[in-house]
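Presented sequentially are two complexes of chain A, the first with chain B as partner and the second with chain C.
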Partner chain A sequence: MENIYKILIVFSLPAAIILSLFIGPYPIPPGKVLQILFNALVCNPQLGSAASRIVLYYRLPRVLAAALIGIALSISGASLQCMMRNPLVSPYVLGITSGAALGAAVALAFLPLFIPVELVAMITAIVAYLIVVAIAWGWGRGSIISLVLSGIVVNALFSAGLSLAEYFAPNPDKVAAIVFWLMGDVGQAGQWPDIIRMALIIIPCSIVLVMARWRLNILSLGDDEARSLGANPVFERLFFASVAALITASAVSYAGIIGWVGLLVPHIVRLMVGSDSRQVIIYSFFLGGTYLVLADDLSRAMTSQVIPIGILTTIMGAPILIILLRRAGKVWR
Partner chain B sequence: MEYKGITKAAAALIILIIIVGVGSSITLYYTYINKPTKTAPQTSINTVRQTSTSTTTTTAPHTTTTTRTSKVKPIIVTDFRGKKIVFNKPVERIVVLESYWAETLLAIGAGNLIVGIGKYVKYDQYLPEDIRNKISVGSVFTGVNIEEIAALKPDVVIMDIGYGKAGEIASKIEQMGIKVVGLFMHGFNDELKAIKILGEITGHTSQANELSEYLLSHYQKIKSLASSIKDKISAVMIDGYSLLKGSILLYSNTSWGHAVEEAGAVNLALKNFPSKKWPKIDFETLASWNPDAILVTSSVSSINSVIEKIKSDPKWQALKAYKSSHIYIVPCWSEIGGVLDWGPRSIIGIEYIASLLYPDIYKDINWRDDAEYLFTHFYHEFIPAQAFASYSIRWMKIVDMTGEVVELSPKITRAVDFISYTLVLALHAMDKIVGISKYAKYNPIMLKAYPNITKIPSPGSSFSVNIEDLLALKPQVVITWPYNEKVVKEIEAQGIPVIKVQCYSFNDIKRLVWLFGVVFDERSRAYQLVNDMDKIITLVQSRVSDIPSDKRVRVLYLWSKETMVQGGHGTVNDFIVLAGGINVAAKDYPNKDYVSVDLEKIIGWNPQVIIIWYYARYGPKDILDNPALKSIDAVKNGRVYKEPYYEHWGVSASIFILWLSMKLYPSLWSNTNFTEIANNYYQEWYGVPYISVTAMTG
Partner chain C sequence: MEVNPVIEVKGLNFSYNGAEKVLDNVSFELHKGEILGVLGPNGAGKTTLLKTLLGILKGTGMVRILGRNVASVSPKSLAKIIGYVPQEHHIVFPYKVIDYVIMGRAPHHGMFSVPSRKDYDKAYRVLDDLGLGSLADKTITEISGGQFQLVLIARTLVQEAKILLMDEPVSHLDISNAVKTMNLIRKLVEEKRILGAIVTLHDPLMASLYCDKILLLNKGRVEIYGSPREALIPDKLSQVYGVNFNIIRYNNKYILVPII
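Presenting the complex of A and B:
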């Protein structure tokens, strides 16, 4: 049964990506989509028509962006849950989201137009993470509890900074722009250069995490056990947390805050394939991508207007988790 | 008939001499002075013939000329002198001596027939400018220039009869062979009678009937409600102008004196002086009558002086009406805001008085909306409900942009404004602002045109307010955008009235101008501003109105994100329509101000021009470089523009529309110097040239 699930999860990602290429308000028959893709694959893209431009420069990059962001959020969530031995951890616990949000708000409200919002968001996200680490290190020598607690503190601090930036924004419409940014939008990362930049961080880092899933599993045993197995738990935890933070920061700075993916997807995977962290990390990679690709499809296709994806992932996530928890109550310990 | 004593030959001779003698020189004079009107192209020969036919019919039938017109049924009317006047065909050229009859003509669709006006008609702000700019021929009080009238070759002169030199003037005009229709208004029914006569002589009978029915139905509603009043209150109506001069003149047996009774009160002046028109009494008489309510008429511009006069006079405080706060001001005459007058507006005056005297009985009578309907529907002028306020000596009541009636101090000197601050600046009312939105201090126009803005305290914004800071400013009123209902409630809980501002169309911006004009007592500037705004729109319309709908440029307006588009609702959509464009997003989102859409929608709409909001963080380059958008026309032709800074809910809206139209139809506007128009306009209303503002915003 679990094997079927595994196969399903792995194939769901390419299936979802291909399916999504057929979805959109601009009417393009599926055959035409395939033809456009084929032409592009044989290096003969015919860019004259609106349809081929939509498929190659809008749908495809957007779907890939959604997949990348979903992968980034869920794999970092899975790794963090694993290494911190805490199912309530999400990538946002390390201060990254509020860091990115503050940066984006400052850029949207005060900085001149030529400074890209993503860049500022990325920098502040990493700064926020470094502060978390510094506090955790000085306070509790990098223990799990110190990381989580300092993450909470830094989150609160940066959220207050965000409110302050909103309050002092010179124009009410800029406040509106900040609010929209906070609701998340895959479309903000919807162009090829953005995707390549994102992929250059997310893919290698994700591979690092997937390859290192053994070590993460050791960390999940607890510091004493890990030490007895010859690992340096504090160093390794900080190293892998940094990798996860980097992934999250790059996703969040491009797409805004997309809630619940990093928390939820690892849990779904765990309920489907068991709680072995090594497995959870691999399959979160695939299912995270699928989840966000489908969520983005819904956000675009559900109504005639685009619903911010951050709202959808949360609305969809909560009931899914409740249902899964009920059905698999015994698996959960 | 009046030529009975004169022989036919003599009459014909006199007329012939006058026409031949004056005719040629006057035709010359007339073509110089008067802009060619719609009726002007008629040759002088043609009009001379008309004059002679009409003259002959009143004197004696002249077979040679009447044969041509005999097939048309002659129009016979009896005017207010009881005189029968015969017209062979509907009149085409009218000289009208009084503004209210000009308004009546306008309201029955005959405003374009007016070729000459009385001296005071040009001050009637309810009339469109082309009527007010017609040649002035004098007035019943000061005498008219008969030659001037003859030069205009009118088919009829419409004038008051029954006072001043009216009778004398009328017969002088008639001696020139020009027909006179004498009118008078002694009560509401006389207006209906006048409308009927004017409808008949102009041939606009159906429009006249429509107007009559409208006025009558409102009048009957008032009458039926008034008949239910058991204990009628006693009232007098004082001429406010006499009050300012130190005497007390009452309205008794006049149409205004009757208006008080029609509203359901007992007019003590009519009771004590039933035959007098304007009895003069002294204060002791007034004190002995001690009426329940006192109405004081005032021209719109002197309302505040009349209120001051009454409040500063200690003896008035002895009156019952003063103690019970039943002293009201009735704005009259023909500045916008005036409700009591002769002509079609008389019904608004009656409604106004009725609602003041019996607010509960007439609670369903909305005189402001009735006024707006009368003007838009019959005058074809947009004079909104917001231009009208009701006054007592203690308060002024206005209707805000959400349609809610707000009670304010009649004289605003301390206001806090959270929205449309540049409009306050344009109306020269910044000295009345004690607090302003914190966002005003970043507004490019404010910074340039009013550097002192940084010194005005900011107790918050439309989004949040610091109540203690606000109270410290002791504001009489707060003007805000009701985005955050909590802010409105918080302020109202402190007993401070709140004016809510919300605009959805260009007309709403004109409402807003009037609203601010009334609140800050800057009506004349508001009037001028609305006219200036309209002038630019008229200019734009003159260029774009002929474009067939399939040739109109399809526009997309983008907000903070490339996918945040302007839907078919709201000011910007209206601006696009006025500029002659078609908002491509309007069909799919007719009820949306702005909406986040999928990029594919935009590609599907294929707009020809894309406009980007001023505050957006992206520019035309981002749209032009987006490979997904390369297939749409606007990108192919490089027609993607970023809006320079314009205040949408403010004075610059019309310049925005002009700018937009020029971007949509560059070839139609190739000979127009936009910068010059915009500079002059900004200089007039903001005190700084347009380029100095755009230089700031980049």
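Presenting the complex of A and C:
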């Protein structure tokens, strides 16, 4: 059964990506879409037709952006849950989201237009994470609880900063822009250069976490046992957490706050293929991509207007998690 | 050839905050083929002692493991010598028994590698050997406390540890599982699969039944250290535990029985 799930999860990602290319307000027959894709793959994109341009410059980058962001949030969530020994940890525990949100708000409200919002968001997200680590390292010697607690503190602090930025925003349009950014939107990252910049961080960092998948099992035993098995838990956790933070910061700074994916996907994966980190990391990678691609399809196709994906993932995620927790009650006592 | 002690501890001190000493001038030796039982009431410093031997806590004084100063050995090398069976075990993720046992291979791998076919063969062999083969695919939340204790020992064998440090391995087990666990440790030592074991114990009776040496700690100090015959002094034990004891000779062993 586990093996069937594994195959399904792996193939769900390419399947979801290809199927999603068929969806959009401008009707293009699936055969035509595939032909356009094939032409592009053999380096003969016929950009003359509107259909080609829609598929290659609008739908494909958007779908790939959704897949990348889903992968980013899921794999960082899965690895953080393991290394922090807490299945309720999400990628947002390390202060990254509120850091990115504050940066984006400041950029949208006060900074000149030529400064890219995602760059400012990325910088503040990383600053927020470094503050979390500094506090956890300085006062808690890098223990799990000190990381989580300082994450909560920094999140609260930066959220207050976000409120200030909204309060002092020069006009209501800017407030609206901030609010919209906070809801999350894959379309913000839906241009080829954005995707390439995102992929350059997310893909190598994900490979690091995938390679370290077994080590995360060892760290999940707790510091004393990990140490007795020859690991250096404090240093290793900090290293892997930084990798996960970089992945999350990259996704969030482009697409805004997309909730629940990083918490939910690893849980679904655990119920399908078991708790071993080696499996959880790899299959969270695939299922995370699928989940966000499908969520983005819904956000594009449900109504004539695009619904912010952050709202959708939360609406979809809450009932799924309730069902999962009910089932997981048996597993986790 | 001179017989070197497996573990040699001299004048070991430790305190968490610099004020109260949790370990106060502790000295003892573990020799080849011995099980050393560390006795003492709660808070006597038993767990702290094990953690200093593991290098998790850094005390002052001398701790030599196979002749090497523990402070100068890297965690990875130390993990190839010492296997640790912790007392509290908070299970967060319900791993399968085999996935749990295979983690014993960690000291033989780097940060970015995964266990190989050979590692798995070894893990299955150890599980079969301990009669746990049928549990391999169960999750650790599905097995009993006694079985889990054996799984923890299996992990140290997969680790190829030469010395076992066990923190209260039998305190939460019923008598049948406690005996099974202690018998296994005895067997491992007798078959020379491990050089020796240090076991902290709540129950002086267990210590008198299974241990070659007994170290009685009280408030971080060594009250008694020696063979059961030398160490089990009813008066001393009464002072530490606040209960009176009788020593009974049975099957060439000195057994400690509380007077009720």
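Note that the second predicted complex is superposed on the first by the 326 of 333 C-alpha atoms of A that agree within 3 Å, B and C clash if a C-alpha of one lies under 4 Å from a C-alpha of the other, contacts with A are read in each partner's own complex, and residues count from 1 in each chain.
In this text, a contact is a pair of C-beta atoms (placed from the backbone, for glycine too) under 8 Å apart; a residue touches a chain by one contact, two chains touch by 3 or more.
Fair warning: this is a prediction, and the values are worked out from it, not measured in the lab.
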- Message: Once both complexes are superposed via chain A, do chain B and chain C end up clashing or fitting?
- Response: fit
- Between chain B (first) and chain C (second), which does A:Phe235 come into contact with in this model arrangement: first, second, both, or neither? neither
- Message: Is A:Gly274 touching anything from chain B or chain C once the two structures are fitted on A? First, second, both or neither.
- Response: second
- Task: Would you check which partner chain A:Trp214 touches, where first means chain B only, second means chain C only, and both and neither mean what they say?
- Result: second
- Task: With the two complexes superposed on chain A, say which partner A:Arg227 touches: chain B (first), chain C (second), both, or neither.
- Result: second
- In the overlay, answer first, second, both or neither for which of chain B and chain C A:Asn86 touches. second
- Message: By the touch definition at the top of the document, which applies to A:Phe110: first (chain B), second (chain C), both, or neither?
- Response: neither
- Given the superposition on chain A, what is the angle at the CA centre of chain A with arms to the CA centres of chain B and chain C, as a multiple of 10 degrees? 150
- First, second, both or neither for A:Phe11, with chain B first and chain C second: neither
- Query: So after superposition, what is the minimum Cα distance from chain B to chain C, given in Å?
  - Reply: 41
- Kindly list the residues of chain A that each of chain B and chain C touches, one partner per complex. none
- Task: Write out the stretch or stretches of chain B touching chain A in their complex.
- Result: 439, 441-442, 461-464, 483, 559-561, 563-564, 588-589, 592, 595-601, 603-604, 606, 613, 615, 617-619, 626-632
- Message: So in the complex, the part of chain A that touches chain C is made up of which residues?
- Response: 82, 85-87, 211-215, 217-218, 220-225, 227-232, 236, 270, 274-278, 331-333
- Contacts from chain A onto chain B in the complex sit at residues 24-27, 47-50, 53-54, 56-59, 108, 113, 117, 167, 170-177, 180, 185, 187-188, 190-192, 300, 304-308
- Query: Quick one: in the complex, what on chain C touches chain A?
  - Reply: 51, 54-56, 74-80, 82-84, 86, 90, 92-96, 99, 103-104, 106-107, 109, 111-115, 139, 141, 159
